[in-house]
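Pasting the structures in now, so scroll down.
Both complexes below contain subunit A, partnered by subunit B and then by subunit C.
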Partner chain A sequence: MSLTDGGAEPEVTVRDERTQEFVAEWRNASYNCYSSGHKFCREVCPVMQVTRNESWTPTAFHANVVAMERGELDVADIAADYVNCTQCGACELRCPNTLFTGDFYRFRTRTVDVVKAVRALAVEKDIHQPKWQSWNERTDERTHEPVLGDIDISQERVRDWAADLNIPIGGESILFVDCEAAYYRTSVPRAVAQILQAAGYEFGLMAEQWCCGGPAAEMGYVDQARRFAEHNLADWRSVGAKRVLVLDPHDYISFTEDYPKYFGADFDIEVVLVVELIADLIRDGVLTPTVPIERTITYHDPCRLNKRKGIWKEPREILRAIPGLTFRDVDRVTQWSYCSGGGGGLPIEKPELTAAISAGRIAKAADLAVDTLVSACPWSERPLSEAGAAQNIDVIDIHELLAESLGITVGGSRS
Partner chain B sequence: MSYRYDEQHTPPEPTRVTDVAITTFEDLYEVDPRLMQEWVTQQEFPNWDSLRIMNSRHDHLEWMHEHFAHKVIHGSELLPADPDPNPSGEVSL
Partner chain C sequence: MTLTAERVDTVVHALRRVLRDDQILTSKTDRYNRARVPAPFPVHRWAERLPDLAVLPESTEDVAAVVRIANELLVPVVPRDGGTGLTDGAVPLRGGIVVDVKRMNAIHEIDPVNRTCTVGTGISMLKLNEQLAKHGLIYPDDPASYPCSLVGGRIGTSGWSLIGARYGHTRDLVLSFDHVLPTGEVMHVGDGVGQKITKSSSGYQLKHLFMGHQGTLGIATRATLKLFPKPEAELSPFWAFDNYDDAYACVGDLARAGVATFAGAVLFDEHKVAYLRRDDEAYIPQPSDVRALVCAVMYGYEDEVRPAGKRLLRIAQSHGARYLGDEISEGDWAARHDRYATPLHGRTGNGQVVPMSWHCEDAAINYTHLPAVTREWHDIVAGLRRQSDVFDDWGMFAYTSSDNGTDWLTEIDVGIWEQQLDDRAWALWVQAKRDLAAVSLKYHGSISACHGSCREGEVDLVPDELGRGFQVMLDLKRALDPRNIMNPGKYHLDRAYS
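For the complex of A and B:
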């Protein structure tokens, strides 16, 4: 970049054509933040809460794009900063440009999209975060995320969690089980499947389920994400599926935001969130929990349900239907600043940061003198359980808890 | 409750409410999209996103009142009892 004399506008040289395309696409979204500078995002951001690092704020993530447009930064300079985001969506919801005017103008703050786009630009330019690169390579080889560490994950084992449950392959309604639940916390899909069976709700499994592709998209590996999505959509169609039942909020984001972007109006599959379906079944009297559960609980609003989708009533309806519980609730707006730290690839690249965020969330539960933190997101439950062990707080999935109150012996693994 | 692409990308037929605003869902007001075609163009907004923002705003305002307001009054109560004798807005010095 060179400056001309006499205070004239600086002559700006963006470094390459791809960066020019990138800033052309994201300049309005970034100036929307940069020119406002409200900074309400700071205190609801889980990363900011535990690091106070100004380079990792939503404001910085947008300002960097403005600087890229002016030729003062290249993606190589700032790619590593963008690791520090769980994509929880708190910043973009709390931003006045979303909360007070976003629906009016049909123009809102899009931090999550900006973070994903910068990560994708970095990968496209062969700038990799080492653990993300390894994670996505292994996911690509195995068609599932390597959630068991050194223990191998294979396509042949993706339905092991359901071995004794007599679930058919195919049908109009397909239960999609995320990688963490299929291989690690298998008690969650077992609980969901047995609850649906108890309700007489017919469903099947995929012929060959792959990872949803969402984590790859979140970490910038967009071609891989798209390939996985194409496989899954083709599989659903091959088994005659008309709807997909989703137990994991991260999958729900993939199927209702990423897949529609990939396939447009050709995406003709109905997507049903299981926690909403179950709340309906309880409301309609199809399911009635009767076994008292003597626990003192609070509920963790998963970010991708509460902040990113506005879904918070149905989980509370389910919990209030379970007899015996003492429920010390924290409202959904207060929980905009709560997070497990388990999203956006953060636990892969920076597990110590995820642990600090989870410890903060568990401390808030401990202040309520509860013995149990209930979540509705399998990806939150591993870091929260690890933090909860230090405070003697059990972390349980809402489907596991409901199944117990329905008299179901769930089985499977919680760790 | 569930997501279907066609439903989410088909908002209700708009009704004009002022020269610059329309309404689609109940209590959801939007700028006339013809006013956002040049400098800043509108983003793609599925129905769930518009409704999420509107409902979150209501929840947030209620939360603010619960946490910070001693009482809530209508804005008109703050206006002077006598109407403005100079409605043109001209300021006399």
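For the complex of A and C:
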């Protein structure tokens, strides 16, 4: 038998067919955690670090599923707890089950998937978290996330950030700009676009870009996420795209994990992470940063790059190519327990937890006596900037910093 | 749940006078996730162990206020720290209030000159050592659960440390602590005046009484700990043997050698090596003639550890040991905490791979009795396997407890197919635990060096082990906890009230 092939059939009948399907899918993954129960994940979990609440741990998220199988708990009992996860993936890496059985069984602990599945089951059963519900309704209405708060987002303004940059519509390579960067931190896409232009790299924009759908998928609104994905794929095809350039790690997860699940072999779009592309361009001598940047920095490994995708080398290559920087690096494994708190819908439903997690991350930067924290994730930069203001630490995107060293006047907004 | 809904309301109402709402947890998930520890238990009986509610205190005063309320309302109190113990100390047997101390994780003081620190008991050794490293210091309490167990749980269980032969165990490393008694009074306990004193002859030696009680005598809230220089050098040689007897002789000589930097040694028996070879995919395979392993570890300055290592290598060589090389030695030692959660699977009687979780039973055994106890313990688990496919024998370790080789933490690892653990299999397991404990006592050992002995099965033999001392335990329990509210049902202490 395979390891994930379970053991005894449950003696208890769970309440309804859908819940039965759910526990059948997740029971063995959950038992693998429940049975070992060693909780090495606990101290790397960003939510646990600030709440110290054992109900909101990866261990609890798996144990609850075992209890559902036994008929002890129902999704209505557990749904609200699953808000308390940024889907950073640290627990999966720190789990001995991943570390010591991964290669042999091709098994790894998949807390992020368990959390997403519980959230989706809750939504399917009409159990909503109020702020997530309204966020996703507004996203559905406006085709983008309401990142400007009370100010409504408008589809017509999705390319405003690029107004003066002469970027064509369509082409083989399309730059996808996430909602936060397109409407809030517009300096990031402006920096990316101008760096690519400086390198002579041809790219265009979508005819009608919508939200990637990833946040909806993370919060359990899976049908909406799928509709948004279908729209974007159709748009890419309509403008002749063969590849999508991605500047946001959250989008990178959506396009490399969610979209292939939705579309299977039909998903024939190459997904290129801009930070990797730029590292290549520097390595090949196409881009050479020359303007010294007199800052003392440390780098924040975005969770979805470092923990979820194993991408940590290229951002450091870029930073080491920038003259003038004093770079006080913290290794990627230590950063498994670092997070901004900006992911997984947490800042929407529990902004106070996001703020506490960001404050903790900034405090670690402050210990290094740096003046700047460099990130590569627009979604992290808002909460980190807010926390950084209190400690006099500037939070800057890696693309913004590189553009400056290339002599580019970036423009746009950072807040 | 043991309280009626109305009683729970009364308790919550009273608690709201001393805690914020977010410190009082009453939901089903809050309760289900504070009913478990890693030790296997029949899943279908999970609900029997639920607390009625949990609280998240943030100070000694919070804990004291909660305990006073519980004492007044006659509601059981179960302290919960890391919840990583293997003898159910943190598992509620009669419902009540779980006092979860994880929020009390502040570092109150680091005193590098007097070599102490004072911390909230909700901090883990891993997180504490991250901060101490900035001062070149270490708190060397090193259980297998090092990344997740908490200082308070170490006090409540009087924990055992893997490198205790060099630095001492929890009882030696915790100098003093604030302790909330079952009546809600707060006591500072340590040697004499407590605080930062490592040795006092003033008054009764009370510190040990308030360590290892498994939460039955109160709750430690703030502790002063003994610190050491962070070691400059670590040497952790692993050696292979083609038979158990040579490995046993070797590990004894290593422990008795009296090398000052010696921090511990471990003996892997033949079953353990066979199991690792069979089912642990992270184990680097050794030739088939390797049947037993020994490792040792030394900590100190480079110029101490290097010659000490040469001495131990000479001793090992005299027993026919084969050194496994630097890569395996350093890698295996570095991974020791992660190996705590051994593979996800074991085998049924006919060799079928099935998902199993790990459990370990421990005892304190003198060196001379290790071979006999090892043999008889394997026989007990073999008996279990003849009766049920739920159990698998994953071999045994023996670890040094002291710096001179007197007594050894002896451990048998048993794979348990938890999804199949029904009432019959559970009853077999509980009887096996009694049998294992009986063997330990037969050879003048102690039922546990490490976990404690208050779990179903072995607990029945504790009165035999302690003799007249057990009656003293009952007298002390009754005197300190007159209303039996503190973790009731553990260690047969109910007998104090009958």
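Heads up, the rule we're going with is that the second predicted complex is superposed on the first by the 404 of 415 C-alpha atoms of A that agree within 3 Å, B and C clash if a C-alpha of one lies under 4 Å from a C-alpha of the other, contacts with A are read in each partner's own complex, and residues count from 1 in each chain.
In this text, a contact is a pair of C-beta atoms (placed from the backbone, for glycine too) under 8 Å apart; a residue touches a chain by one contact, two chains touch by 3 or more.
All values reported here derive from a predicted model rather than from experimental measurement.
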Partners on subunit A (subunit B, subunit C) - clash or fit: clash
Which touches a greater number of subunit A residues, subunit B or subunit C? C
Answer with first, second, both or neither: which of subunit B and subunit C does A:Asn97 touch in the superposed model? second
Output check: A:Lys309 vs subunit B and subunit C. Expected answer is one of first, second, both, neither. What do you get? first
Check the residue A:Ser35 against both partner chains and state whether it touches subunit B (first), subunit C (second), both, or neither. second
Quick one: is A:Asp331 in contact with subunit B, with subunit C, with both, or with neither? Answer first, second, both or neither. first
Going by the contact rule set out at the top, does A:Lys242 touch subunit B (first), subunit C (second), both, or neither? neither
Quick one: classify A:Glu54 as touching subunit B (first), subunit C (second), both or neither. second
Going by the contact rule set out at the top, does A:Arg108 touch subunit B (first), subunit C (second), both, or neither? first
In the overlaid three-chain picture, which partner chain does A:Glu43 touch, first (subunit B) or second (subunit C), both, or neither? second
For A:Arg70, select first, second, both or neither according to whether it touches subunit B, subunit C, the two together, or no partner. second
Contacts on subunit A seen with subunit B and repeated with subunit C across the two complexes: 28, 99-100, 103-105, 107
In the complex, subunit B residues that touch subunit A: 1-6, 8-9, 21, 28-31, 33, 36, 40-43, 45-46, 48-57, 59-60, 63
Seen from subunit A, its contact residues with subunit B in the complex are 28, 93, 98-100, 102-108, 110, 243, 255-256, 260, 264-265, 267-268, 270-273, 276-277, 280, 309-310, 331-334
Considering only the defined contacts, which subunit C positions touch subunit A in the complex? 25, 27-30, 32-34, 36-38, 40, 43-44, 46-47, 56, 80, 82-84, 100, 102-103, 105, 122, 124, 126-127, 145, 147-148, 280-282, 337-341, 343-345, 352-358, 417-420
Could you pull out which subunit A residues touch subunit C in their complex? 1, 3, 6-8, 11-12, 28, 31-32, 34-40, 42-43, 52-55, 57, 59-60, 63-64, 66-67, 70, 72-73, 77-78, 81, 94, 96-97, 99-101, 103-105, 107
